[in-house]
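Provided herewith is a single structure, encoded as structure tokens, for subsequent inquiry.
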Amino acid sequence: MSSEPLLRVENLKTQFFTETGTVRAVDGISFEVYEGEIVGLVGESGAGKSVASMSLLRLVESPGEIVGGTIEYKGETIFDLEEGPDGELREHPDMLSESEMRERIRGREIAVIFQDPMESLNPVFTVGGQLREFIEINRELPKDEAKAEAVRMLREVGIPDPEDRYEEYPHQFSGGMRQRVLIAMALACEPNLIIADEPTTALDVTVEGQILDLVDDLQDRYDTSFIWVTHDMGVVAEICDRVNVMYLGEVVEQAPVDELFYDTKHPYTSALLDSMPRPDRTVDELEPIEGVMPEAINPPSGCRFHPRCPDAREVCTRVHPENLEVDQAEGYPHRAACVKHDVFDVGYDESVPLEKGDEAETRVGETGSDENVDSTVEEGQASTDGGKANEANQTNRSPNRDGGESRP
Amino acid sequence: MGLLRYTIYRLLQAIPVLIGISIITFVLANLAPGDPVRLMLQGQQADEELIRTIEQRYGLDQPLHVRYWNYMTGLVQGDLGYSIHRRRPVSDLMLERAGPTLLLVLSAYLFAIVTAIPLGIIAAKRRNEPTDHISRIVALIGVSTPSFWIGIMLIIVFAVRLGVLPSAGLVYPWQPPEAAGHGSYLEHWTETIRHLILPMIALGTLQMATLMRVERTQMIESLQEEYVKLARAYGVPERTILRKHAFRSAQLPIITIIGLNLSTALGGAVLVETVFAINGIGRLFVEAIQQLDYQLIMGITMVLGFMFVVGVVITDISYAYIDPRVTYGERE
Amino acid sequence: MATTESQLDDQEPGAAEGGSVDEEVETRVGWRYTLAKVKRDATARIGLYIVAFVIFIAAFAAIDSNLSRLTFDTMSDYTAAQAIPFFDHPTRIPPPGEAHPNEPPVFVDGGSLSHPLGTDPQGRDYFTRIIYGSQVSVSVGLASTAIGLIGGTIIGSIAGYYGGWIDDLLMRSVETVYAIPPLVLIIVFTVFISGGSPDIQYAVIGVGIAFIPVFARIIRSRVLSVREMDYIEAARAAGVKDRNIIRRHVIPNSFAPVMVYATLQIGVTILIVAGLSFLGYGAQPPTPDWGEMLRIAHGRYMHSNIWLSIWPGLAILVTIMGFNLFGDGLQDALDPRIEN
Amino acid sequence: MVAGCIGGDNGAGPDGQHLLYTQEVNPEGDFDPIVSNDAYSAQIIHQVYDGLYEYDYDLELQPKLAAGEPEEEEDGERYIIEIVDDAEFHNGDPVTAEDVAHSFTAPVEEDTDNRPEYDFIDVDGTEAIDEHTVQIDLEHPYGPFETLTVATYVVNESVRTDDPDDYNTNPVGSGPFTFDDWTSDEFVELEAWDDYWGDPQPELESVRFEAAEDDAGRVSQILAGDTDAIATVPPEDWDQIDGEEGIDVHRTESPSYMYVAFNCNEGETTDPEVRRGIAHAFSMSEFVDANLGDGGTPIASPIPPIVNEIWDFPTDDWDEATPDYDPDEAEELLESGLDDPDDWNPTIIVPPDDVRIALGELIASRLDELGYDAEVQSLDFATLTDTYISGDADDYEMYILGWTGGPDPDVYLYNLFHEDNAGVTQGHFYEGSDDFHDTISEARQTADQDERREMYIDVIDEIVEELPAMAAYSEHNTIATQDYVTDMQPHPNVSYNPELVSDDNNVGIDEE
């Protein structure tokens, strides 16, 4: 751990401008990533994790746009705004240009591994060809060397007969094997930071375990930093050094992993933890989180979690909590955005607890059942995780992954 | 399965369809009122004996199923029957007329592909920008305009008013230049192209518009694919993404549509050949219908159906060639 | 043609324009919602207006035409008939003295406001004939699409619901029809069935039959997916008759995408019938049909009076464009993925 | 020299003596005059063969291979014709009396499509008397022999009989052009024959025939400069084409006859009052004016004007007798003539030809106004030929057709009015007065042309009065050429067009 972070994100805001309104997918998050560490970005689907991670590469697609905040990587400015002479915001002159981003940052410095290994490889090109292309581009190797390197990387990530498999097409690989290929791609470009966006979500549990072990092992050897985006607290526990918990575009808790698990400061984090099986605790039954996460297009007032929060009080509906430092652990701050902590001092203790089924019901109802049609369709366009319709299928899934879902 | 075996397998699969076509045309032709022998005699007075002789010669005195059987056995041997009106074997006429039609349809496709794909890609890339809107309007007009009307307008403007392109006929590149009265191959082929331009545009516009629309949506979809995002995240230049990563998989539906639209294109050839006085199968069909030349009509319908089936097989094969997920025979 | 068939299945509206309509979404989308969405989309709105306008004109012309027919019964009543303020008679050839054949449109030298689009070689008002042409095109488009839709629904739902050899047999037959270029098939049908005197009603039936395959295919693929749904299983388990299951559950569930396709198909139908009339196998003179008018215009007057060629073509273009825009709008509304 | 021309430019343009001529329809490909039965093959034949006699521009016969007028013997059952002695075929064979005799007997002996026109020839008696004299025997006197039959083209008997099928597509004639190349439905190429025995020698070196079936297509081609000359210009386009720089339209009267025939077999039109009523209901002259302009002329008799002139028929009488446009008269006649005026919905069948469709529409429109719901059916020729001879009032009560023949009334009257041809080439089944049909056949079998004339006048008088068919119009023959094409003049006889080389003209290209 060095004092200067590899990546520093400050007050990042990314919004989607849709017909129905502005979706604040990422609404002022801040975090750092230091060299050699794996930082978790956790939350339910729709929390804005993926948008956040794509924002880091400045690859948010229209109608999305980064509207504020600062992203610095190794002292270079990936994103920053400054105030122009007339008070309007404009891009900071230090900000890397699009071509600089492409040539110097993407792939070379920051690589990504996507969620769905089935969709992330181009079905009409050979696996090796795709891997080689990325190596050629990002390491400026000639074709044959790039190929040799590609084969080496395939072997490195544990693909048997890499020479033969180099020539094969993605559909000839199993899901786990494809995810290994994606990891090989990321590592082969020798970046300093890899953003892994739910890389194991689509895999079944045993394969997931293998992949996590592989990443752990490779991370040790290459000393690459990771941002690990997931909704699975189990994975977080297994792999991350520090964790950022996101809810509706905001980071609500930030702490080293052990601290987060053993000294949870935010009710949402607690709810997440309670909804998953934990090796370190025995509970009679898992408690799913109440309700559905509201739309980022029209977030609840005050604390965005309050409609679903067991600890919610009247004040929570009014006061929007910052993510403030509430503790220290292992030399890192432990931040949480919950007014029940003393630092906020907004009169939580005096406030009246909200009655169950009162506000919570209506809130949930607002975006849930009665306008089912709209919500489902709008999900397709306004879902904060990238605007794809298939995301809609996950909306109703409990954050706890319901067993092994494997695809052929 | 190897390519050859796959091709044969697919062609064999087409046999039931061809049998079906033959039944349809045969039944239609024989349900029709009017007596082919009378037609052949074109109103001349004929005694019963003569009519019977002719019926016997062409097997018209047999019951329907026997005639069908005879027709099919002939068909297997490549005999499409005999055009009573033209006094020539139908297969000869087909061989003669298939060339111009194929030349026209293929060049219309070429025109459609060459224009539609770049325009579709640009439209997808500049989605919702003026370029996109213009190309969408062009495509919309293209799918809404009758090919023969385009032909008429093109003739009025380019052949008559401006006098820059010929208004009728084709020059066949497979013929020696002398046959068309040309001094050199250069002149011959220049003339071939000059003659092709207007009918090609008339027939190709609908295809172009259809392909452009599909290309655009496919590219839009393709550009939203995870693997395209991945390529971007790895610093692949946008141009390479358009031309390679997003492009190739976006072409798969295009290939399918090209194959299936062959049916529309062959139908359109009937109209375009009429407007441009091209001696292809389409015009032959119109003439055969006018003369109620049953055998010829059946032959043309069979050949057009066969062309369509072959076209679909070809597109299937190229589909399998481009999409590695498709093994010859079945998809994964 | 196993592969062909599966490719043909892709031809349903979603796929042709990029991806099938999302199952879960579609079944929950109501018509009200769809229409609301169509109205929000500017291009779809234009399409809707054009379609509404053309249908209005066609209906109007139909009424007008009936009025004329009633009043034209005797020579003496003819003058009374002229009092109809809207249009001239579409087929009546003006008697000597009254006729000015091949008059140019109003904005050209020699044109007059009484014949805004000029007159045809018989001296008939071309504007009237163009207007009446909408009646033929629209009714032909609707009627033959309806035939295709009904035929396709019956065949497609039976094939999809029962599967097995019934499916094989029906779909193979249907593919066979598809393999013959529609225009060719329709001409053969029209000429043979009509016994050599083709007319528009035969063409309508012919076009309808020729387009049964496309509808059958869409319906079948919808049915295949609906069939697997739990409530169908439940209905079947509860002993509901197959026929009723198809009628009450399967078909309504397949309705939306089929309607999109039908809307687009009307445009295709009008295009085909225009071609048919152009070759002389659709509407017969003196029916004011756009294709037929183009045939005459192209045959003899292409050079001497190009206006005769221009107006019917434009009328066809605008009408089909209306249906296409409207159909596209419907499709966009039903497919959340193609969202601007 | 002949071979040297191959590869030369045969396309359009004023470069070299090469003419590209666009026909209306492709020749069927029968270039043997014995067999050939289509006007477009005949146009080729006319260039490749010489006739025994040929029509001049007034449709009068002039000797070509014949050395003089035919000598009539045995009361018109025998003709002796002398032929020139210097005529040769393209292959160098001299044209002999044997060849002439063969040309007259072969259609009968071989029972070809042309047999009806030669059926009266006595095959056994017809023979060569010497090398340059032929004797043609007839079964009976045949009136049109001198006006029609003698215009027979002379074939090369030895080459022809050697391989008739090959001869059909590789004709050897004695005309000014030799047959060079032919592709079915594409083109025919002819080369000028440098050793042409006749006079004058053709100015052109080669001619290429192509075809464009629709009028607009041909006009486009001439306007676009894609061709040197086109046959048949629609009258509407004359002004435009004539006004066009560099293009000329040439026209001439022709022996064509269009008519509206009434079903006299069944239905309401069997009543002559009804027929006259219909004729009064519309204005034929207005129609011709509007639809044909200068392209045709309204006619009153079943004989085209150019033939009337040759025969000096009393056309004024007929013009007078023809019903003119008079709606009141029409209404009256129809009301009194119709058995069931409330339920009369006549059907008019027409071929798919725009002018005749328009005429049908006009009649229907006028009848509509009189309160009768008439219907026009445009039928394919194939269907039409089946339908219009049925005599069934359900099929038709009127049909509009045409006939183009030669300068003899027999062509029109026998084919279109005689009972022999009822249900064959005429569908009105007109019974006529007692001697109506007899007069037609008698005139047919009379050699004396003056006698024939008198007989025909009687027949035509009756037709004009009774109107089994009302004469409509006669269309003119037209040819449009680029102005560098010189001396082109359309011939009244369609099958002579383009008349390239004759006593009166010699087409060439002005190469400036």
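Some points to look at:
The letters A, B, C and D name the chains in turn, as written, and every chain counts its residues from 1.
Everything that follows uses one rule, which is that a residue touches a chain if its C-beta (ideal position, glycine included) is under 8 Å from a C-beta of that chain, and two chains touch if they have at least 3 such contacts.
A quick map from chain label to UniProt name: A = Nickel import system ATP-binding protein NikD; B, C = ABC transporter permease subunit.
A quick note: this is a predicted structure, and the numbers were derived from the prediction, not measured.
Greatest Cα centroid separation from chain C: this falls to A. The most central chain, judged by C-alpha centres against the centre of all protein C-alpha atoms, is B.
Counted by C-beta pairs in contact, the busier of C-D and B-C is B-C. Each chain gets one centre point, the mean of its Cα atoms, and the points for chain C and chain D are 45 Å apart.
Measuring from the averaged C-alpha position of chain B to that of chain C gives a distance of 23 Å. Computed from the mean C-alpha positions, the centre of chain A lies at a distance of 52 Å from the centre of chain B. For the pair chain B and chain D, the distance between C-alpha centroids works out to 39 Å. Within chain A, the positions touching two or more other chains are listed as 388.
Within chain B, the positions touching two or more other chains are listed as 34, 155, 160, 274-275, 289, 292.
Among all residues of chain C, those that touch two or more other chains are 191, 195-196, 298, 302-303, 337.
Interface of chain D with chain B (complex): residues 6-11, 18, 28, 181, 183-186, 208, 210-214, 217, 220-221, 223-226, 352, 380-383, 385-386, 389, 424-425. Against chain D, the residues of chain C that register as touching in their complex are 72-75, 78, 91-93, 95-96, 99, 101-102, 121-123, 191, 195-197, 280, 284-286, 296, 298-305. Interface residues of chain D facing chain C in the complex, by the touch rule stated above, are 214-216, 219-220, 223, 234, 236-237, 239-241, 283, 286, 290-291, 325, 327, 331, 352, 354-355, 357-358, 360-362, 364-366, 368-371, 376-380, 382-383, 386-387. Chain A contributes residues 54, 57, 59, 61, 101-103, 105-108, 111-112, 114-116, 119-126, 130, 133-134, 137-138, 169, 171, 182, 185, 189, 388 to its touches with chain B in the complex.
Listed in rising order, the residues of chain B touching chain D in the complex are 34, 38-39, 42-45, 86, 88, 96-97, 155, 159-160, 163, 165-169, 177-183, 274-277, 279, 289-292.
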